[in-house]
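What follows is a pair of complexes built around chain A, which joins chain B in one and chain C in the other.
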Partner chain A sequence: MASAVEFIAKTELGSDTSSVSFTSIPGTYQHLQIRASVRDTASDYVESIYVQLGGASDSPVDTGNNYIRNYIDVDGTSETGSGQLSNTNIWLGKATAASADSEKFGGMFINILDYANTDKQTTVQAFLEAHYTSGNSARMRFTAGLWTDLEAVQTIKLIPNVNFATHSVFTLYGLKG
Partner chain B sequence: MTFTPGLIGAVASSGGAPKETWVALASTALGSDTVGVTWTSAGSTESWANFQDLVVVAYSQSTTTANGVIIQYNNDTTTANYQYQDMYTAGAAPISAGGTTKGLYLLWSDKHATQNETYAIGMTYIYDINDTNKWTSGISRFADDRNGSGYGGLETGLWKDTSAVSEIDLIDWYGNAFAAGSRYDLYGIRGE
Partner chain C sequence: MAALELINHQELSGTATTMTYTSIPSTYKHLYFVASTKTDSSSGNINMGVRFYTGSSSEVSSGYSGRLFKIGGYLGGSTPSGAAQSSQAQWSLIYEMGDNLSQPTFTSTEFLIANYNTSNYKQMLSYGTGTGNSVSSGQYNVNQGAHLNTTTAAITGLKLMSIYGSFVQYSTLTIYGLNGA
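Right after this comes the complex of A and B.
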């Protein structure tokens, strides 16, 4: 029996790495999901990470002001929300970074919905957690993003503030329709 | 670093038929009120060593009022080893908190004396369970209706231990029983 969720590709970092990309993604699935365990090497407790998408006409991702992002952040006992139009990426939030305990990596998932449908701009949902101080502080972000382009997504690029840390792992799955 | 799926797929297919990516590892459906649910790698349909992530899905009701289901790993009951951050709404503005705790909340649930058909739902992703360089992190999403009021929320949790996860204990916050009719399922997600 065919699997409803199929593994497509995985990147597990053996060294600090400036970005992670999945390329030549086939258009044969209904949705895509990235699951990741992630950490940034920036000299802070948390630092920002981003995603960009690309279609056939991009080389390899769209770096123009073609992204919309809205999000809610939770940090300790406060919640804040914001949104911006005309960005060069979708801001996924802040990942655990170098000042945090070395064993701390945050979980993340990114859903890219109906990514091959050329009648729709591409919607993105993401959730990122970051456990950061030597104590118990943590933060999380839930993101709604939009790539205002009708091309089928063929490339996904994940971008850290400095580098993704060794042992970070990113796995791409395809969900059948 | 760039991965091209076509190349990875060619390598993967050389070893035979593709493996199921999501695999049902264990399921517990309660026929009577029950205190706690335990799953182990050894007692599952396949060893957890073969999976990158785990997913717990629950459909749960408490036998006491306004309670919750928490996840503990490897029979570790030490509160100092778990930290959390949550955000939830209960029919009003969101509330958030963080700190140390007994475990990662899978869901919050109520006892439904007048609406026994209503159960709370929760889903938890547990990441990279076999990487012994990391503490174990998890993300939960949950909801529970209470006849118009109720909860909806998110929680992240960290288990400060680098051991591979080989046991999951689902317990009521106060040690009480889960109600008959509750159901708990465990899935493995392959990273290959």
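Right after this comes the complex of A and C.
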């Protein structure tokens, strides 16, 4: 039987980069998944990662206040929940940054179900984790994000606080339905 | 051999209280399924359920238990909380968006049932996220669940249940099989 998951694109950074975009995403899959190993060059132990989406009418992503985010943060000792309306992006959480050990990268996955269905606003489901000291300290975020647009997703833009660090890797897959 | 194979996909053309598939082959190692759902219940955020079948369409309707970690939901508040259930008629510590905002906002939930066709107890992981155009209580959810049923027979089918109200049009359920050695 044929594989239900297909590789669409991969970006592995050879230098520090201010954003990573997947463009011209075909509408032929049922769902999208992103798997990434990320690090930010910001001078902190962890720093924020964001995502913006775009459809046919965007150039190439929607930068308006059309994103909503709710999330749980877990830092190893406590859990907090929060959310914000009317954002210009979905805040996915915090990735390992420059003050952490140089070998440490955070893991991230994103699910975008029914991304080409123009009868649904687009829900972005994400998990991001980061170890940020030489010990066991870590941060995790579970995110419910929403793009309040009905267009099929054609572009995904991932944005760090400063730059994505060299060797960060982003892979986009399409799942059949 | 492909590592992930499509078993079944369904999208509702109207409302329905369940989405069911009862012909899951025994040839995979694990089951992975994803659902994009919303109910027509007037509540903001409520439970949905999962049951499984064994043998030739024998529906298991008892012995479901689980643990939950979440924010939002029908119980409200932005403070993360936990919950536990035992002796239930289905796995139900799983949340989805209701219709109190009349918005086309659906909940995304992914599920994993490892070793679904062995004589082990059946365990399921779930991770659900959904949000409406509000951060108020009952209009968003982030939930992770660990679920157990002590049935030892192989799983041959799955039923996704809208416990309150019906799933609305465009709700989808996609079931995949993961191959393993």
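The working rule: the second predicted complex is superposed on the first by the 176 of 177 C-alpha atoms of A that agree within 3 Å, B and C clash if a C-alpha of one lies under 4 Å from a C-alpha of the other, contacts with A are read in each partner's own complex, and residues count from 1 in each chain.
FYI, contacts are C-beta pairs under 8 Å (C-beta built on N, C-alpha and C of every residue); 3 or more make two chains touch, one makes a residue touch a chain.
Here the structure is a predicted model, which is why all the values come from computation and not from measurement.
Colleague: After the alignment on chain A, I want to confirm one thing: do chain B and chain C clash, or do they fit together?
Modeller: On the shared chain A, the partners clash.
Colleague: Have a look at where A:Glu129 lands relative to chain B and chain C in the superposition and call it first, second, both or neither.
Modeller: The answer is first: A:Glu129 touches chain B but not chain C.
Colleague: Give one of first, second, both or neither to describe whether A:Thr77 is in contact with chain B, with chain C, with both, or with none.
Modeller: first
Colleague: Using the touch definition from the top, say if A:Asp114 reaches chain B (first), chain C (second), both or neither.
Modeller: second
Colleague: Taking the superposition as given, does A:Phe142 touch the first partner, chain B, the second, chain C, both, or neither?
Modeller: The answer is both, since A:Phe142 touches chain B and chain C.
Colleague: Tell me which partner A:Ser24 touches in the superposition: chain B (first), chain C (second), both or neither.
Modeller: first
Colleague: Quick one: is A:Ser3 in contact with chain B, with chain C, with both, or with neither? Answer first, second, both or neither.
Modeller: A:Ser3 sits against chain B and chain C alike.
Colleague: Would you check which partner chain A:Ile68 touches, where first means chain B only, second means chain C only, and both and neither mean what they say?
Modeller: second
Colleague: Going by the overlay, flag which of 6-14, 42-50, 78-86 or 114-122 in chain B ends up clashing with chain C.
Modeller: So the stretch of chain B colliding with chain C after superposition is 114-122.
Colleague: If I apply the document's touch criterion, which positions on chain A are contacted by chain B in one structure and by chain C in the other?
Modeller: Overlap of chain B and chain C footprints on chain A: residues 3-5, 72, 79, 127, 142.
Colleague: If we count contacts the way the header does, which residues on chain A are in touch with chain C in the complex?
Modeller: 1-5, 30-31, 68-72, 79-85, 111-114, 117, 119-121, 123, 125-127, 142-146, 148, 150, 175-177
Colleague: In their shared complex, at which residues does chain B touch chain A?
Modeller: Checking each residue of chain B against chain A gives 1-6, 8-9, 12, 18, 20-22, 52-53, 83-87, 94, 96-100, 125, 127-128, 131, 133-135, 137-139, 154, 156, 158, 160, 162, 189-192.
Colleague: Please name which positions on chain A make contact with chain B in the complex.
Modeller: Its residues touching chain B are 3-13, 17, 19-26, 35-37, 72, 74-79, 101, 103-107, 109, 127, 129, 131, 136-140, 142, 167, 169, 171-173.
Colleague: What part of chain C is in contact with chain A in the complex they form?
Modeller: 2-6, 9, 34-36, 69-72, 77-80, 103-108, 110, 127-135, 140-142, 144, 169-170, 172, 174, 176
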